[in-house]
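Two complexes follow with chain A in common, the first pairing it with chain B and the second with chain C.
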Partner chain A sequence: MAECHPVGFQWVMEAKARGAKVIHVDPRFTRTSALADVHVPLRAGSDIAFLGGIVNYVLQHEKYFRDYVVAYSNAPVILREDFRDTEDLDGVFSGLDTDTRSYDNASWQYEGTEMQAASGERDREYEERTGGGSTVAEAARGEAHGSGGAAIGEGEPERDETLSHPRCVFQVLRRHYARYTPELVEQICGVPQDLFRQVCELVTENSGRERTTAFAYSVGWTQHTVGVQYIRAAAVLQTLLGNIGRPGGGILALRGHASIQGSTDIPTLFNLLPGYIPMPHAHQNQDLEAFVRAEAARKGYWGNMRAYLVSLLKAYWGDAATAGNDFCFDYLPRLTGSHSTYETTMAQLEGACQGYFLFGENPAVGNANSRLMRLGMAQLDWLVVRDFSLIESATWWQDGPEIETGELRTQDIRTEVFFLPAAAHTEKDGSFTNTQRLLQWHHQAVEPPGEARSDLWFAYHLGRIIRQKLAGSADEMDRPVLDLAWNYPTKGEHTEPDAQAVLAEINGHDADGRPLSSYEELKGDGSTACGCWIYCGVYADGVNQAARRKPGREQDWVAAEWAWAWPANRRILNNRASADPEGRPWSERKALVWWDPDKGERGEWSGHDVPDFKKDKAPDHRPPEGATGPEALSGRDPFVMQADGKAWLYVPSGLTDGPLPAHYEPQDSPFPNLLYAQQRNPVRHLLPALPDNRYQPSGTEPGSEVFPYVATTYRLTEHHTAGGMSRWQPYLAELQPEFFCEVSPELAAERGLEHTGWATIVSARAVIEARVLVTDRMTPLRVHGRTLHQVGLPYHWGPNGYSTGDAANELVHLSLDPNTHIQETKAFAVDIRPGRRPRGPASLELVRAYRARAGIDEHTGTEP
Partner chain B sequence: MGVRTWIDSWPVYRQLTGTDPLGRGAAAKSGRSARLEPRVATADRVVKSVCPYCAVGCGQNVYVQDGRVTQIEGDPDSPVSRGRLCPKGAASLQLTTGDAREHHVLYRRPYGTEWERLDLDRAMDMIADRVIEARRAGWQWEVDETRTRRTLGIASLGGATLDNEENYLIKKLFTALGAIQIENQARV
Partner chain C sequence: MTGDDDTPRMGFFTDTSVCIGCKACEVACKEWNAIPEDGLELTGMSYDNTQRLGSDSWRHVAFIEQRKPFGGPEPALTHEDVDVFAAASRLGTDPGSPDGHTELRWLMASDVCKHCTHAACLDVCPTGSLFRTEFGTVVVQEDVCNGCGYCVPACPYGVIDQRRDDGRAWKCTLCYDRLGVGMEPACAKSCPTESIQFGPLQELRERAAARVRQLHTAGVTDARLYGESPDDGVGGDGAFFLLLDEPEVYGLPPDPVVTTRDLPAMWRHAALAAASLAALAAAGFARRPR
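And then the complex of A and B:
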């Protein structure tokens, strides 16, 4: 955090100055470790074993916050009799179909009920819930055909408040983690038992009524074939300790782009519509009603999905969207399986995808298996790159690595490339959503230079021109384009669209055009329009709330009048959980919101933050029989987005790879799985093992020894992601002038690597070279009874700009997390040797020779 | 320059007679450094902004003089950052005003070996034509007899460095065009 979010880290240091203990768990010793009380180096790719070990410690030593767990989590809920855990099936859960590499999650359900997850893969139970409508069987994964299927059960789940029923979640959890002992953590993670116990004690001593512990992770946790389960493991632990929804608690994702949160909330993502409404999958005879029936939860705020979706359709298609035409629901294109970045590359290689836009992203060096990304772009008819400078994704046809190896010749590449210079943040109005969900408005200072324009300008005018060209078309295909509500006021010499008018559309308005102030006002009858329901309120009263800038020093610690946080300007989510079931703070020290019986007519929620709860819903409120949506939440259901209002220790549906986190080895690992016979996540999302995307043997498989070291990629303070905003800046280039790798003195001695000399790093995909930084910040670990060396690879580089070097992402395979389709850049196996890499065709030959030595073919590493 | 001024400008004299006997402050100050003022002092305007790098969201003050950005500093008002910027945020001036930025549209024709200049309006028109054509070529009304109403012909990548309003228009337009392969840095 000190490396990648240095200014945010000042608050960690503030906490430390007040007595907080800071624990840093990372394979490397970094600037964060230097300021932490405890640094725990561990093997990259072993975090679930580590976190599972802490969960086991908490359960064994009765350190959980019992009152919180019983009242606010699903610990007391009883599971179906046919559920089988990884302990029963040696590493897999019940419902696994090895042919389709997917789980049927019917047996994961609660006894006597059915759930829909708050987000994620909500299409799984479609057929059961709609009573028909077959799905396209294209992708052999949970989100597409037939893997879902909870039997629909009505009524409340069965509970055992004593937590003793053998099939209750709490007891299942206890059995699931019973073998995650300190001895095992030491073996798998390379963390000595004493150090591990110290972490367990620090975390548990600092949790409970009076104290809370926070987990902060950078998104490296997500970059694994079990990435979602990493976060889930932290969620299980934090729920058991009562650290969610309370000040100083939580699981905090430290994200790495100015508006990466915003671009997830208002997604430029294939599987989502604004506000986490899922993009519809293809089903026969699917209308709005069937979609909502399948996707909306019965209880909680997702029960109102129809209002959110209809309001979005009204924002998209305006007057053309009417009750008579299902509010243009049919205009939404349909998914058939995954269409993520990496499938798009496959579609380019196959020739299906002909045109590609890049908006400030640099996949030629920034995406996993960068070489495949470039080869995909070389098959395009046309490519539009919008950026500040000539990044590698704009120039691969001229000077990319494949030109050097002779695989591609510039004059043979037919791709037409448009480079359009982009406006900087100082040259446009707009809002970024930061990592704590805070929308902050930045104001335009000057006009963009030359032909540089904002992406708002580009999107608006591209749409305007396309609509002009299609005007008068009677083709049904063109109706959604022509019916689109696309009238935005423009201003200035460049006819720049008014960003505030777009924000107003995102916020939403009623039938008379009045701005809405809360998503509670949204209707499913077409009388409201709202471009993103969770952002409703950011333009309340016609005022840009994101532009509020009352100085922090003039406010309390919540600083509620600085900018605006979604939802409803709430700064801590699920904060009803900061009070006990009766509505009193768990402790005065940790008070955040509470029930004030003297406020309002019959009492109201009050406190420092905006209560994440209906303000007049009393703690003793019991919903009437048959209530649905938010009305079905009782006064003691703090997790209002969940279908049962509870924090989920166990996830009955919504995840493709299991209801509980289990330790699996990374796709490419030098080690066998000590916990289960199952080596890897059985339903990990494997892209085709093309010659350029071969997987490696692991563990005890022959050939595994060819790649004996674990590599992990990361960022440096002085550079940003794939370098498009930092390698062209002389100051930053001077601070970190070229690509390097970090190795321990022991590994340097073992492989003859010299400090400041060169190293060649090889995987089954590629070979790269890097300057060598020999440092004892890299610690050799004892794993499975032997010494393991790890190789650190910052990933900012490419051949362009002032600061140059090979891209670490060249080395990475395309085996992905099955829930999120994120690549495994944080743990893979490599070889490292002294000297520079070969040039030209010889570099391809070297990779081929490694594959041959390791006996790699298209089947290697693809077993379920 | 009068004699008095001349003597006063002599650092040793000031060190012996003034408030800085160790000669480490006012006494050592030259006439030139005394006349220096921060480049932000003469700014015409200060524009409130947000750092464009990571997701912490540090506040920035953008100083504008004669229609040009002259300096970018941390905003002390921000309860997020309290005026601090990291090395990247502190390099924002170079990012936004540095000479590494391209100011013109560049075009590489099929099989071409060099960039060419292209007028922005012409580029927009050509791109619009290509979108319409690729959209049509990759159109799928149905897949396996199930309605999909979409195109695989065009795809888009990126958005995490953009504004919410920009992402909103991109998603809205591309969805209306039937494109589904819309992605950003959230997965990398």
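And then the complex of A and C:
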């Protein structure tokens, strides 16, 4: 965190100054470790075993927060009899179809009911919930299990508040993690048992009624074939310890760069609409009503999905969206499968994707298997790159590595590449949404130089010109574009759209154009418009709430008047859980919100933060029979977005790869899975093993010894992601002038690597070279009873710019997390040797020789 | 040394125990003062590619990787009985303490011009380019500097430096231009962890003393101040530090002395010598027979 989020790390330092203990778990000793109380080096790719070990410790030693767990989690809920755990099936859950590489989650359900996920793969119960009348028009991997799902149950799930029923979630959890012992953690992760116990003790001592522990993570957790399950493992632990919805608790996702959170809330993702509303799939004859019936949860705030969606459609299509035309629901594109970044590359290689926009993204060095990214772009008709500098993604056609090897010749590439300079954040108005969901407005300081323009300018004027060109068209296909509400006021000599007008549209307004102040005001009848329901209120009273900058010293510790947090300016989500079932704070020390019986007519929720609960819903409230949406939640259901109002230790629905996190080895790993016969995540999203995307043998498979070291990629404070914002800046480039790898003195001795000399690093995909930093900060680990060396690879570089080097991402395969379609850049296997890599065609020959030596073909590593 | 009567002496307290090595100070300094980039060299000195303070680096973050035995004694000041070559050969492989536990430390410290109470650079400057400001800081006026370079060897810390292409001397101004309009220096402003603190020197000294006490109570017995004492060889630094090891570890002189300390005495001796010579000569003439 100190490395990649130095500004946010000031708060960790502040907490430390007040006595907080800081534990840093990372394969490398980083700038964060330098300031932490405890550094735990572990094998990259083994975190679920580590976290599962802590879960087991908490359960074995009765360290969980029992009152919290019983009242607020699904621990007491009883599962169906046909559910089988990984303990029963040696590493897989019931419902696995190895042919389609997917799970049918019917057997994962609660006894007697069926759940809808708060977000994620909600579509899987589609057919069941719509009465089976529709069929999946074009089944794709992501929804192949769409016909699954449990029967729609009546009434409440069965519960055992003593947590003793053998099929209750708590007991299932206990059995699931029983073998995640300190001995096993030591074997798998390379963490000595006493160090592991120290972590367990620190975490449990600092959790409970009086104290809370927070987890902060970053892409070191997400970029794995089991990335989502890493975070799930933390969620299980934090729920058991009662650390969610309380001050000083939580699981904090440190996002990759400014406003990545914003680009998830108002997504640049293929499968989501603003506010986490799923993008509709290509079912036949699916209208708005059928979509909402299939997607909306019956209980909780997702029960109001129709109001959110109709308001969104009104924001998109304005007056054209009417009750008579289903509010233009049919104008929304439909998904026919996964259209993630990497599938888009595959579509380029196949010729199906012919045009590509890159807004501040540099896949030619920043994406996994960078070579495939470039080869994909070489098949395009046109490519538009908007960036500050001539990044590698804009110049691969004249000076990319494939030109050097002779595989591509500039004169043969028919891709027309447009480079359009982009304005920096100081040159435009806008908002950043940070990790804690805080929207902070930034004002333009200077005009962008030359032809540089903001992304808003580009998108607005592109839309305007396209609409001009289509004007008068009678083609039905053009209606969605022509009917768009596309009127934004512009200003200045560059006719820059007014960013505040966009924020006002996102906030939403009523039928009379008055700004809305809360998503509770949204209607499903077309009388309200709102561009993103969770952002509703950011422009309350016609005031840009995100631009508020009242200093912290002038307000209380919650600092509610600094900027604006979604939803409803709430700083801690699910904060009803900071009070006990009766509505009293669990402890005075950790008081956040509470039920005040003397407030309002019959009592109200009150506190330091905005309560994440219906204001006047008393703790003893029981919902009436047959209630739906938020009304169906009781006064003791703090997790209001969940269909049952509870924190999920166990996930019956919404994940493609299992209801509980289980340790699987990375796609390419030098070790076998010690816990299960199942080596890898059986439903990992495996892209085709093209000649340039070969997978490696793992564990005990012959050939795995060819790639004996674990590699992990990361960032340095001095540079930004794929380098587009830093490698061209002299002041940043001089601080880290070259690509380097980090190795331990022991590995350097083993392989003859010299400090500041050169190393060649090889995987089944590529060969790269890097300068060598030999450092004690890389430490060899004892894993599976033998010494493991790890290789650290910062991934900022490419051949262009002021600070140059090979791209670490060349080495990485395209086996992805099945939920998020994210690459596994944080744990893979490589070989390292001294000296520079071969140039030109000889470099391809070296990789081919390695593949031959390891016996790699198109089947290697592809088994479920 | 104080500032003007109505302006307290201002300075830096750099608390290296909370430095995260982000180098924001280096970048902010270069941005604000428009200092040129000065070379892309991977040094292999941990993450320190800046290497030293100089004409084009007015802030420098040092990175020191150390292995120290857990709970072990302070590194001894004398190393007479240590075979350094044998110790070096064990680097990285020697567990360092009998139970196999070593503490890996990564020290980071942002160095800067010390703005000495007795500033030799200022003493030797023949043009008056270097002067003491109303804030008690020492600043070079680039439009006055003639590039004589006398100040460079005069600095006991090796801070001030001539820029190769123009020959003039450059160093930290403690952002004199920002101070003049009531702003803090760029480096302190950009520091995310308040490792670099700017303020009235007296206040900083009190804060620093309290911080050392706090660290000692917390068991960080290595914590010590550097350059805060008005009794040291430069009369105390306007920019002083909290360190976690001996100054030499950070590349700082352990006992800096203002290089012009002995000048008055030298001049006195020279004057005495001259007078003696003159007297001798006069006496010689006086004795000459007419």
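Everything that follows uses one rule, which is that the second predicted complex is superposed on the first by the 851 of 864 C-alpha atoms of A that agree within 3 Å, B and C clash if a C-alpha of one lies under 4 Å from a C-alpha of the other, contacts with A are read in each partner's own complex, and residues count from 1 in each chain.
The criterion applied here is as follows: a residue touches a chain if its C-beta (ideal position, glycine included) is under 8 Å from a C-beta of that chain, and two chains touch if they have at least 3 such contacts.
Just so it is clear, the structure is predicted and the values come from calculations on it, not from any experiment.
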item	value
Fit-or-clash call for chain B and chain C when the two complexes are aligned on chain A	clash
Chain B versus chain C as contact partner of A:Pro730, first or second or both or neither	both
First (chain B), second (chain C), both or neither touched by A:Ser803	second
Contacts of A:Pro421 with chain B and chain C, given as first, second, both or neither	first
Partner chain(s) touched by A:Glu718 [first = chain B, second = chain C, both, neither]	both
Greater residue coverage of chain A in the superposed arrangement, chain B or chain C	B
Contacts of A:Arg31 with chain B and chain C, given as first, second, both or neither	second
Touching partner for A:Gln10 - first (chain B), second (chain C), both, neither	both
Partner chain(s) touched by A:Arg771 [first = chain B, second = chain C, both, neither]	second
First, second, both or neither for A:Ser744, with chain B first and chain C second	second
Which superposed partner A:Arg584 touches (first chain B, second chain C, both, neither)	neither
Chain C region in steric overlap with chain B, selected from 95-103, 131-139 or 275-283	131-139
Common interface positions of chain A, toward chain B and toward chain C	6-7, 10, 717-718, 730-732, 735, 802
Contact footprint of chain A on chain B as seen in their complex	45, 47-60, 62, 64, 67-69, 72, 76-82, 84-92, 94-96, 98, 100-111, 113, 115, 118, 120, 123-132, 134, 136-139, 141, 143-173, 175-188
Chain A-touching residues of chain C, taken from the complex the two chains share	18, 20-24, 26-27, 30-31, 37-44, 46-47, 49-50, 65, 67, 91-93, 104-108, 192-194
Touching residues on chain A, where the partner in the complex is chain C	2, 6-7, 9-10, 13, 29, 31-35, 39, 716-718, 730-738, 740, 744-746, 755-756, 771, 773-777, 779, 802-803
